[in-house]
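Following this line, the structures themselves.
Presented sequentially are two complexes of chain A, the first with chain B as partner and the second with chain C.
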Partner chain A sequence: MTAPAIEARGLRKTFRSGSRTVAALDDVSLTLAPGETLAVVGASGSGKTTLARALMRLFDLDGGSVSLRGRDLLALSGAALRAERRHLQMVFQDPAAALNPRATIGRVIEDPLRVHSIVPASRRRDAVSGLLARVGLPADLADRPVHALSGGQRQRVAIARAMATQPAVLVLDEPVSALDVSVRGQILNLLMDLQREDGIAYLFISHDMGVVRAVADRVAVMAAGRIVEAGHTATVFASPQAAETRALLDAVPHLPPRPADEVSR
Partner chain B sequence: MSGLSRFRGSADGIAGAAVLALLAIVAIAAPVLSPGDPLNIVGAPLTRPFEAWATPLGTDRLGRDVLAMIVHGARTSLTVGLAAALVAIAVGSAVGTLAGLMGGWIDEALMRVTEAFQTVPGFLLALAFVSTVGPSLAAIVVAIALGAWTGPARLVRAEVLSIRERDFVASARVIGMHPLAIAWREVLPHALPPVVALASVIVAGAILTEAALSFLGLGDPNRATWGGLIAEGRSVLRSAPFLSIWPGLALVVTVLGVHLTGEGVVAALALRRSQA
Partner chain C sequence: MSAAPLVSLRDVSVRYGPATPRVLGHVTLDLMAGDRLAVIGESGSGKSTLALALAGLLPKGAAAEGRIAWPGLGEKPLPGRDIGIVYQDPSGSLDPVMRIGDQVAEVVAAHAAGPTDRSPREQAVELLARVELPDPANLARSYPHQLSGGQRQRVALALALAGRPRVLVADEATSALDPVVQSRLVGLIGRLCDEEGLALVFVTHDIALAASLASRLAVVYAGRLVEIGPRGRVLAHPRHPYTRALMAAHLGLDRPPGGRLATVEGSPPDLASPPPGCRFAPRCSLAVAGCTSGDPPWYGEPDDGAACVFAERLAP
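Showing the complex of A and B:
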């Protein structure tokens, strides 16, 4: 077996707001192989976004360890951490909030190329056009401001920004739940195509079991900061063990017929 | 609708901008409009306004041209006002951004310093600084900025505290952007609009402080200043009130122009906010 793309062990995070404390992450462990999709599902408030942000080192954990391609991510800081970040990228839950509203599309996609010196300045415009094409957007969008785009277009731009550094792991925090139903399928197809081409591992956060069945190799179910059930997608869907898993499955009106029909164009 | 066209839709803004534009032209063209040193004696002392062609606004006790001194005083007033406001906003924004982004003890320390400066009246600070360092243009600019940077600092810090929680800042961290680049490129541009709205108040305050300093004889002695002119006219206020009235009028018109322009800027910004 190859080394995991990312591996987290015993993650803990407690939030304190006034006298109330919330154990948002309570001994969470997960492993993600290269090119694999692990879905993390759970009801609202179960700690999915907290898990994503913890892996991205957007705040300090209370305990646990994270290794990215075999390197201890929590031991890094400063320039070493910033350099390592190119291998681990994230698409945020709300595309309206995740892009600087004053920036142009070109700048949003160019930033990671510049920060990690991936493409020399003279060829960056071409690289941006290439990335825009990969996410199905026209190259002339580069000069448009972020606020001129629709939600679906913004999420494509966010995906292009995340793909720019050719990461080993992409954390997708409910990448389609803020989008119009009509564009969800397109974005999911795009993500599946990109994964097939680049072999990126996806940590795919969702609360929609229908989507999860279509995209995930394995599933981890979260409730109140803990992983209450984990296994291969087919197994979990065929014989759900935890009550939370069954509740999530019941929330789907009728499951899509077959993953293949749902995803392929 | 762009911010500029909204500014043009504000009557206050247009009036203020027109006044300021006129003043700026006068200030820039001062050497052409009244060549030579305005402090030279050109006529009989205390000539009344509209008596002599060469000195339409009259002369002071030494026989210096009041109009020339007012025209050159506009240079001093506007230069000092704008420079002091610029320094105050630059320093305040840097302090506020640093405090808001770093948090912890750095924030704590910077805010204590800010509060310490705020407890001392700005004019007292300026007075103390100029009387220690000596009256030069640069010293006066620094002296005024010393009392004016705290407002922008607190405002920017408050803005930064909310901006830093937004996802696009997290996204900048995720792609590995340097913290200073995040502060400069992602956070500061969003924190500045309210400071721009405050700028007119700071500029107007700076112009008045400069006038007050020169009134007290702490202005640059080699330059004609409105405050200095008013002080000069004080001893002959009964016999020749025009000596104080002309520079006083210039001061009022300038400060009014700055405030009205500020109103226009606020209108432009406010509409943009409600649209976003």
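Showing the complex of A and C:
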């Protein structure tokens, strides 16, 4: 068996607000194998985004351990942490907020190549073109500003930027929920293609059970900072055990089966 | 049709300034008493503009061509009284430094039809109960920031109902909420419309959510009404390729897991330079040369049809 791409054990985090304390993460553990997609689902405030941020080390945990490709991520600091970070990247819900609107697309994708010294300066432009091609965008887009793009194109740029460092793990925080319905499928297909080609592990944060069912190998359901149910996607969807899982499934609106797409000409 | 429509749009086009593109073009639509109409579209489709036009709430700078009338209301609606509207972000409708109960009471008092034996404040608490907020008497003393997003949206709904409107417009009113909260709010909106005899205009990007609540579906794309009809007909026999694409893109729980997802290539057009002819043609799998040479013909009735040359062949 191969080593997990990322493994978290017993993560704990308590936030204080005045006299109130909230257990945002309460003994959360997960394992993600290379090439696998684990969806973390839950209602607002369940702790799923806190979990994503904890793995990214955007704040200090109160307890627990995280190992990335077998290395203890929480023991690292300074240059060693920065070097390891290239293997763990994140894509946010709203690409308009995550990317500098005035930067050029080339610059946005080039930044991680430069910061992590992935490719020498002389070859960066080719590398940017290659990354744009991988996410289905033309190379001549590199000189255009981010704000000139549509929402779907922006999310492609955000994915190209995250892929630039050839990460082992990509944390996707609601990556399609701000996108138009007609564009959502393109982005999900792109993510699945990239995963098949590169064997990246995805931690896919979502509250949309329809999307989760379409992309995830396994599901973890969170409520009040805890994982209340976890298992293979097919199993969890076929026989949900936790009340929170059933509530999420019941909330998915039903559409009658669609008609055949063919038409006689 | 027996009764006069509450709202009647005839060939309505809207732009938000002299040198700006049309965000809505040539829309003909009637809203009848008791109607539950969903307006389905993506960002930039003109669905919110259509909702504002129906509500008589187009901003001052907006230029509307065509005819917008409210025959069933007798006159142009007084915003807040005849037509209640709930937006996606309730914080825009709520005063952050005023107690919830006072805000609702203020609207009740402003639109009071005549003397009643109950104070605006008492009526405000009743309204908070009607939108199924817990412990309404106590909650009336809270400020907006003390409530959850779902609770704030219920308060916005109470505000919209406070003037005893005939029409409720919900403009992506549940879209920012998580699915469990969203589904409860959608259920509440449906019950309130039944109980109060309200006509509903439910604006959404989610065709499945629309289908769970509305009896009529209108689909807009790039500023055009591309299809409208009774829910059953549209879902069983969609006549516009875009409606079909939206249905195919829905990720429901009955879809077989795995495999590639149905997609529509490209993205919605920039309204400043829309494609010639049918605006969906560049993304349409059925498009033929003629689709880009002129506006597509309307097939069917004004309240049950689609704007597509293939609509007849897509019809059952």
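By our rule, the second predicted complex is superposed on the first by the 254 of 265 C-alpha atoms of A that agree within 3 Å, B and C clash if a C-alpha of one lies under 4 Å from a C-alpha of the other, contacts with A are read in each partner's own complex, and residues count from 1 in each chain.
Methods note: a contact is a pair of C-beta atoms (placed from the backbone, for glycine too) under 8 Å apart; a residue touches a chain by one contact, two chains touch by 3 or more.
Note that this is a predicted model, so its numbers are computed, not measured.
Participant: Taking the superposition on A as described, I'd like to know which of chain B and chain C A:150 touches: first, second, both or neither.
Facilitator: Second partner only.
Participant: Is A:15 touching anything from chain B or chain C once the two structures are fitted on A? First, second, both or neither.
Facilitator: neither
Participant: Between chain B (first) and chain C (second), which, if any, makes contact with A:210: first, second, both or neither?
Facilitator: second
Participant: Just to be sure I read the superposition right, which of the two partners does A:101 touch: chain B = first, chain C = second, or both, or neither?
Facilitator: first
Participant: Have a look and say if chain B or chain C is in touch with more residues of chain A.
Facilitator: Partner touching more chain A residues in the overlay: C.
Participant: Quick check on the superposed pair: does A:234 touch chain B, chain C, both, or neither? Answer first, second, both or neither.
Facilitator: After superposition on chain A, A:234 lies in contact with chain C alone.
Participant: Take the contacts of chain A with chain B and those with chain C, and give the residues found in both.
Facilitator: none
Participant: Spell out the part of chain B that touches chain A in their complex, as residue ranges.
Facilitator: So the residues of chain B touching chain A come out as 166-168, 170-178, 181, 186, 189-190, 276.
Participant: Using the touch definition from the top, list the residues of chain C that touch chain A in their complex.
Facilitator: By the definition above, chain C touches chain A via 42-43, 149, 177-183, 205-209, 211-212, 235-238, 244-255, 257-258, 260-265, 267-268, 283, 285-286, 310, 313-314.
Participant: Considering only the defined contacts, which chain A positions touch chain B in the complex?
Facilitator: Per the stated touch rule, the residues are 53, 56, 58, 81-83, 85-86, 89-90, 92-94, 97-102, 111-112, 115-116, 147, 158, 161, 164-165.
Participant: Where on chain A is chain C touching in the complex?
Facilitator: Answer in residue numbers: 43-44, 150-153, 180-186, 188-189, 192, 207-211, 213-214, 233-234, 237, 247-259, 261, 263-265.
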